[in-house]
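Sending over a structure as structure tokens; questions will come in a sec.
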Amino acid sequence: MKSYTEYLWFNTKKRRQLINITPRIQEAVRKSGVKEGFCLVNAMHITASVFINDDEGGLHQDFEEWLEKLAPYDKAKYRHNLTGEDNADAHLKRTIMGREVVVAITGGKLDFGPWEQIFYGEFDGQRRKRVILKALGE
Amino acid sequence: MKSYTEYLWFNTKKRRQLINITPRIQEAVRKSGVKEGFCLVNAMHITASVFINDDEGGLHQDFEEWLEKLAPYDKAKYRHNLTGEDNADAHLKRTIMGREVVVAITGGKLDFGPWEQIFYGEFDGQRRKRVILKALGE
Amino acid sequence: MKSYTEYLWFNTKKRRQLINITPRIQEAVRKSGVKEGFCLVNAMHITASVFINDDEGGLHQDFEEWLEKLAPYDKAKYRHNLTGEDNADAHLKRTIMGREVVVAITGGKLDFGPWEQIFYGEFDGQRRKRVILKALGE
């Protein structure tokens, strides 16, 4: 049995940003030596997300508008922001997008459909944050 | 350590459809020979979902209406549809429902609560799409 | 390879309640003896959730209000409730919050970011319900 752990650091220029991390995950899976198993990738911060969807710029703008509608920034709206934070909306946005993905590794590669790409979704950025990748298998 | 991979194909008659795939997953877990471990089941397409909920027709209609309210079809509304697609809403609906489930295998069986059932959720169907199942354990 | 399974029972005083279960999960991971691997924690009932977010009371109230807005209780609104239930909203709320988390175990501990805490999210409580924890690794 093999396991492999890697941490990816992000410091986005914008408060909200989507970054395609698929090449970095593929490279880490290669380094792991795992041929058959699972790869867990998750945000280690609770205002960020790791999710799988399409790498299409128009869709990413749709996500931005949609999340802002479902969980608007509106600083005065949330009790969490009484603590001095202004990121309650980021906690909610990340909840919709999800914390983590688990991906099958088959034949040493991410076993993906034709359009699957892994994204880091930042909703309260402009500071250093981490993602963990852990591969487990044989 | 054992691993087992199976692909399930779907081609739904309707654009949006929920299909109970629990019996197929149970059978695959039996074939895997895994007694203690995890079973990952995920949609390989980004406009479809695998999720766990109740097999009750009224609830499925509630899901349909609820998703249409949170992420309406409305073709003209989304930038993604400027690419020639009309399925931006399906990307959003799948985001709410989730891409994947990880289920515990205990004593060779899905370790489920009384009402848990696994569904394939199609939001842009009428074409061939895949789900991957991967069991890992001993 | 090691695997370890534990069931946690809950019977909340309120219909909707969030409970920090991180200490119980940490203790179970310690008992599992798994040093490198994954820990799956999921609700076994389809009107409850296991999720990771911040242990901050204001945010929890924000979650309560936000979920009630996205998926209101409104008993007469849902077809599922024609079966005699009144918990259709709980099925939807749990869908947004998620069924499960998979957490990396590194060096025998939950490999968490600074604010990550695991919660049991009950949306139709005041009766006995279960969560399963399964650790897998070496």
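Order of writing sets the chain letters: A, B and C. Residues in each chain are counted from 1.
Rule of thumb we're sticking to: contacts are C-beta pairs under 8 Å (C-beta built on N, C-alpha and C of every residue); 3 or more make two chains touch, one makes a residue touch a chain.
Here the structure is a predicted model, which is why all the values come from computation and not from measurement.
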>> So with touch defined the way it is at the top, what topology do the chains form here? Options are line, ring, star, complete, other.
In response: complete
>> With touch defined as above, tell me whether chain B and chain C contact each other through largely the same residue numbers, more than half shared, or through different ones.
In response: different
> Turning chain A onto chain C with a C-alpha fit: angle in degrees, nearest 5?
Replying inline: 120
> If you average the CA atoms of chain B and of chain C, how far apart do the two points sit, in angstrom?
Replying inline: 20
> Which chain B residues reach two or more other chains?
Replying inline: 1, 38, 70, 96, 98, 102, 136
> Touching chain A in the complex: which residues of chain B?
Replying inline: 1, 3, 5, 38, 40, 42-46, 70-71, 78-83, 88, 91-92, 95-96, 98-100, 102, 129-130, 132, 134, 136
> Contact residues on chain B for chain C in the complex?
Replying inline: 1, 36-38, 51-54, 56-59, 61-63, 66, 70, 96-98, 101-104, 106, 111-116, 136-138
